[in-house]
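Both complexes shown next keep chain A, but they swap its partner, so chain B is in the first and chain C is in the second.
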Partner chain A sequence: MTLAAFLRERSLLVLALLLALLVGIITVVRPGTVTPDWIANTLLFAVPLGLMAGGETLLLLAGGIDLSVASVASGAAYLLSSNAAPLGTTLAVLLGLAAGLLVGLLNGVGVAIFRVQPLVMTLGTGLMAQGALVVYSQKIIGQEQLVPRAVATLGSGKFAGLVPYALFLWLPLALLLILGLRRSGFGRLLYAVGDNEAACRLSGVRVWRVLLAAYAACGLLAAVAGIVLVGTTNAADLSLANVYLLPAIAAAIIGGTSIFGGRGGYGGTIVGALFLTVLDSLLTLLNAPEPVKQMLYGGVILALAAAYTRLTD
Partner chain B sequence: MVALRAADLQVRAGEVHALMGANGAGKSTLVKMLTGVLRPDGGSISIRGTPRRFRSPLAARQAGLVSVYQDPALVPDLTIAQNLRLARTPPDVVRQWLGRFGFSALDFATAVRELPLPTLRLIDLARALAAEPDILLLDEITAALPPDLAEHVYAAARQWRSLGRSVIFISHRLAEIAALCDRATVLRDGVTVGVVEPAQGGEERIVALMLGAPPEAAARAGIAAAAAPSGPPALEVQALRCGEKLRDVSFALRAGEVLGLAALEGQGQEELFDCLAGLRRPDAGAILAAGAPQHFHHPADAIRAGLVLVPADRVRALLPQRSVHENIALPLVRRLRDWGGLPMRAERARVAEAVRRLQIDTRAAAEVKRLSGGNQQKVVIARWLACGFRTLLCFDPTRGIDIGTKRQIYALLRELAASGAAVLLFTSELSEIPLACDRVAVLFGGRIVAGMPAAGADEATLLRAAHGLRARAEAPA
Partner chain C sequence: MTRPGRLLRRHAALLVMPMLVALFLAATVAIHPAFGAFDVQSLALGALPLALAAAAQTVVVLSGGIDLSVGSLMAVANVVAARTMQHAGFGQSLGLAALIVLGGAASGAVNGAVLVASRVPDVVVTLAAGFIWGGIALLILEQPGGGAPDAFLNLGAGTLFDGLVPNALVLLIVVVAAIWLPVRSSRLGLTLYAIGSDRTAAFRSGVAVERTRFLAYVVGGVFSAVGGLALTMTTGIGSPLAGTYYTLSGLAAVVVGGVSLTGGRGGMTGPMFAAYILTLIPTDLIFLNIDPNFGQVIQGTLIVLVVMGGGLATLLRQRP
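Let's turn to the complex of A and B:
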C-alpha cells in the first residue's frame, strides 16, 4: 500500500497521531504541564466545540452548513443568564434551548423548503439572531444576570474533583450521534441526501424533511453548547461563542467529514475538536501574542483541510 | 483493485477498430490510459511506431489521439460558442460537421444546459473531428443516440477511415459493430482475449469471447411466454397529456406482462415515465394503479401505489460514495417511521437476496462509484427488488451495458413478470424488444401510433412506425 493510500484509509489514525504529537510538544516545551488536571480541563474546554461541531457534522454530511451556530450559542447563553432569576433554572434552560431550536427550524425551512443556499440562509439568520440579541439586551438593561449553580457546575465542576460534569452530557450525546449516524434511518438518510438528493427523491425520500430535521438538530446542539459554555465562563456576553464558528466547522472537516456531503462521521469530529483545543492551549502556553496565535491557528486548520481534501479525492 | 492486467490493442491506419468487453472487463481503464487520464503501471503505447507517454489528456491530444467520452464533456452553463473557445476549437469547422449531422440550424449562443443529450453527443463528436485527429476514440457515443442520429456517427467514422486515419469504436451494440468495424479487440477481466473480424459472422464469436463461455450458454435465458393475463390491469393510463411532447396516451398494462415502448428521441416518453413515477404532474388524463385513480405529488406517492422507476441515467439514481448495501436499502428508509433504529439483520437479508438474484459483483461494494456501469444498473434494479413493487418502469435500462448483463437484465424482467409483476420497458434498442417484451407500443408525436405482439415486431417494422409511417406499404421509396 502506498503512503497516500494508507493515509486515505486511516486518516482518523493520522489525526489522532497528530494530536498525540501536539501533546508531546507541550510536554517538551513546558514540562509538567500535562497532568490529569490538564487533561480534564482540555476535555472540558472541548465540550462546547465538540457539540457545535456535532451539529455541523450532521449538516455537512447532508450537504449543508450552518454559519449561525455561534450566534445561536451566544443567544442561548444570554437568554439563560438573563432569565434565570425571574423564571428559575429549568425554564431558563428550556428557553435557551427553544431559541436554538427555533433558529435551527428557521434555517431548515429556508434551506429545505424555500431552497435558499445554506451559506446565505444561515449567515442571514446568524446576523438576525445577533441583532435581535442586541435589541433584547437593551430592553432588559439593568436586569440581574445570573448563571444558575446547576449550569455553573455543568460547565466547570468536576466529579470527584477530576471528571468534568460536562463529559456526562457530552459522552451520551456523542454516543447517540455516532450510533445514530450508523444505525438509524435518519442517519442513513443524512449521508444519502448529502451524496445525491435526486437519487433520494427517486427512492421516495422527502428530502426537505431530512434537511429540516438536521438544521433543527444543529440549532439545538448549538444551544446546548452555549449553555455549557456560559457555565464555564460564568458570565454571558453577547459575543460569548463567536470565536467558535470557524473551529466548529474546521473540527468536522479535519475529522474527515466531506464539505461536499455524503462522507464522514462524528468520531472524526471528536478527534478534530480535541486537536483544535490542544492546539489552542499549546499556542497559549507559548505566550504567542493574540494576532500571531490566530494566524497560526488559521494556518494549521487550512493546511489540514487542504491535505485532507487532496487525500480523499 | 486490478482492472487491467495484459491488454494488447493494435489499430491500423485506415481502420475502424472496435474495442469490446463486458462491463468491468477493463475497457474504461484502457481508454483512460490511452487518453492520458491514468498512467499505466507497465507496458507501452506507441503511435505510428513512436513510443509515447501521456502525462495528461492534453498530451494525448497533441499526439493526435482525440476522444469523445461516454458523457458529454461540455460546461452546462456556458454557450456552445463559449465551450468551443475553452478548448480553442475553430467554430466554423464544428459548424460544418454539425451541418452534415443535420444540425445546421443550431444556434451557438444557446446554453449547453438547454440542449438534449443526443445533440450534446454530436457537438462532442464535431468538436473531436475538428481537431483532425490521427486516431479518433469514440467511447459509447451511440449509447445515447436514436437510430437516425447514430447513422451520422457511422458516416463520420467511415469518412475518417477513408482518409487513412483510425477510429477506435467502443459500443455494446453488436449490430453496429458488425456493420461498421473492420476488426474488434475483445477484453475480458483485463486481458485481451481475441481479435475478431466482426463482419464475417464474428458476432457470436465476440459474444463467446466476452463471456468466456460458449454462445449457447448465454442464449436467451428463461424467456417463457407469460401466463394469460386476467383481472384489472396493474397500470392503466387514460388520455394522458403533459407539456408539449406528451399529447394523448392511453394503454393498459397487466400483471405478468412486459409492455415494450418504442420511440425515437423526444416523442414524449420522458414525460410519460416522469408522470408515472411521480416526478411530474400530468396536465390531463388519468393514471390508475390496480384500478384506483392516482394523483402523484412526489415519487413517494408512486412508490406507495407500487410504481417504481429505473431511470436511464444511473448517475441520477445512485449514491456514488455510499455502499452497495446503502444504495439498495435506500427506499427502505424513505418514510418518517423508518427514521429510528435500523433493523440491520432483516435489511441485510433483503439486500443479500436482491444482490444474489441480480448477480451483482460485490468486489468493490464499499463505494458504488467504483462499480462498472452494468453493476451500477443492477444496483438500481436491486433496490426495487428489496423494497417491493407492482409495476416496474424501466427507461432504457440497458443503455451502455454489455451484452451479457443486458441478457441478464432481460431474463430478470421476464422472471419478474412471471412472478406477477407488470413491466413497462422503454428501450432505444429496437432489436432487443422481442427479447424481453410480450407486446410493444410505438410512441410518435406524443401519441401511441401502433401496437403489436412483440414476437412479430422486427426492427424494420418498429422503426417505420417510430417514424410515424403507418404501414409497410407507405414506406419511403
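Let's turn to the complex of A and C:
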C-alpha cells in the first residue's frame, strides 16, 4: 500500500495524530498544563462546537449547509434564560428547543420543497432569527434573566469533579449520530442524496423528506448547543454563539466531510471539533494576539482542507 | 415561446428592479413627505459600500463561485486607507487610493491562486481567507480610528449641481461602469458566464477554466478594495470590523438582484438596485417609527421570499 493510499484510508487517524501533536506542543511549551482538569475543560468547551458541527455534518453529507446555526443557538439560549423565571426550567428548555426545530423546519421547507439553494435560504433565516431575537429582547427589556441551576450544571458542572456533565449529553448524541449515519436507512439516504440526488429521485427516494428531516435535526442540535453554551457562560446575550458559526463548518470539513456531499461522517467531525478547541487553547496559552490567532486559524483550516482534497481526488 | 416573453425573462432584473426601487422610493416619500435631496444623498452614501460589496460578489458568483471574504478584504482596504491618508493631501490620497485598488487586485489574485492551486471548494477557501484578511485588518488598525482628507471623503459624501446629484451615486456608476463594462464585453466576460453556467461544457469548448476563475477573483478584489475606500468615505475613519457585515449583506443584494447562485445567470445592474432597496428598508422603518431592528427580519424575509418565488417559478415551469 502506498503512503497516499494509506493516508486516504486512515485520514481520521492522521487528524487524531495531529491532535496528539498539538497536545504534545502544549506540554512542551507550558509543562504541567495538560492535567485531567485541563482535559475535562477542553472536552467541555468542545461540546457546543461538536453539537453544532454535528448538524452541519448531517447537512454537508446531504449536499447542504446551514448558516443559521449560530443565530439559532443564541436564540435558544436567550429564550431559555429569559423565560426560565416565569415558565420554569423544563418549559423554558422546551421553548428553546422548539425555536431551534422551527427554524430548522423552515430551512428544510425552503431547501427541500422550494428548491432554494441552502446557502441563501439559511442566510435568510439566520438574518430573520437574529433580527427577531433583537426585537424580542427589546420587548422584554427589564425582565429577569435566569440561567436555571440544572442548565448551569449541565454546562459547567463536573461529575465527581472530573467528568463534565455535558459529556453525558454529547456522548449518547454522538453515538446516535455515528451509528445512525452508518446503520440506519435514514443515514444511508443522507449519503445517497448528497452523492447523487437525481439518481435517488429516480430510484424512488422521497428526497424532500430526507432533506426536511436533516434540516430539522440540524436546527434542533444547534438549539441543544446553545443551551449547553448558556450553561457554561451563565449569561445569555444576543450574539452568544455567533463566533461558532464558521468553526462549526470548519470542524466538519477538517474532519473529512466533503462539502460536495456524500462523503464523511461524524467521527471525523468530533476529532475536528477537538482539534479546533485544542488549537484555540494553544494559541491562548501562547498569548497570541487575537488577529494572529484568527489568521493561524484560517491558515490551518485551509491547509487541512487542501491536504484532504489532494488525498481524496 | 413568444419573443416578448423571452425578453422579459432574460432581462427580468432590468425591468423589475428599477420598478421596485421606484416603488420603495415612492413609499418612502409617502411615509415621510419631507424626504428630500439630503435624504437622497445619505441614501446614496449609505448604499455605496453595500453596492460595491455586491459588485465584488456578483463577478465571482457569475463565474460559479462564492466569495465569503469580501467583507474582510473591504476592511483591509478601509483600515489601510484610514491609516495612510490621515495626514495626506488630496492629491496624495488619490494616489494612495489607486495603490489600494491595486492591492485589492493583488489580494483577490491571492485568493484566486490559492483556490485554483489547492482545488479546495470556493466556500472553504474564501471562508478561511476571510479569517486571514480579517486578522490582517486587525493587525493594521486595532481600534477604529485614522482618517482621510475632507476633499477625499467628499468624493463620496458630497453632491453635484447644488446638492441635486449625490456624488456617491455618480461614483458608483462611474466605478462600476469603468470596471465592469470592459470586462463584460471582452472575452473574459464571455468565459466568465460560460464557466458559471456549465464548467464542463466551457472546458470542452476550450475555455481556460482555471484562469477565468482566477481572474474573477481579481476583479472581485478590485471591487472589494473600492468598497473599502467607500467605507472610509461613509464613516470618515477606518474600522477593522466594519467590513464583516458586508460579506453576507452583499450576498443578500446579489440574490435579491436576481443573480443565480449556481452561476452564469444575472447581471450587474440587478444587485446595484438591490443594494439601494436593502438600504432603504431600515430608513423606511425609522420613518415609520418601527423598531429598525425589524430591518434585519425584513431583509431575511425578503431574501427568503425572493428565492422561494424563484424556486416556485422553476417548479411550475417544469410541470407539464
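The definition used in the following text is that the second predicted complex is superposed on the first by the 313 of 313 C-alpha atoms of A that agree within 3 Å, B and C clash if a C-alpha of one lies under 4 Å from a C-alpha of the other, contacts with A are read in each partner's own complex, and residues count from 1 in each chain.
Note that in this section a contact is a pair of C-beta atoms (placed from the backbone, for glycine too) under 8 Å apart; a residue touches a chain by one contact, two chains touch by 3 or more.
Quantities reported herein were computed from a predicted structural model and do not represent experimental measurements.
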Tell me which of chain B and chain C touches more residues of chain A. C
Taking the superposition as given, does A:171 touch the first partner, chain B, the second, chain C, both, or neither? neither
In the overlaid three-chain picture, which partner chain does A:243 touch, first (chain B) or second (chain C), both, or neither? neither
Once the structures are superposed on A, label A:203 by its partner contacts, choosing first (chain B), second (chain C), both or neither. first
Who does A:121 touch here: chain B (first), chain C (second), both, or neither? second
After lining up the shared chain so the two structures overlap, which partner does A:186 touch, if you call chain B first and chain C second: first, second, both or neither? first
Answer with first, second, both or neither: which of chain B and chain C does A:285 touch in the superposed model? neither
So, A:29: does it touch chain B (first), chain C (second), both, or neither? neither
Overlap of the chain B and chain C footprints on chain A, listed as residue numbers: none
Chain C partner, complex, touching residues on chain A are 65, 67, 110, 114-117, 119-121, 123-132, 134-135, 138, 246, 249-250, 253, 259-260, 289-295, 297-299, 301-302, 305-306, 309-310, 313
Which residues of chain A touch chain B in their complex? 183-186, 188-189, 191-192, 195-196, 198-206, 209, 258, 262-263
Interface residues, chain C side, partner chain A - complex: 66, 114, 118-121, 123-125, 127-132, 134-139, 142, 248, 251-252, 255, 261-262, 291, 293-304, 307-308, 310-312, 314-315
Where on chain B is chain A touching in the complex? 277, 279, 298-300, 302-304, 309, 311, 316-322, 326, 329-331, 333-336, 338-342, 344, 383
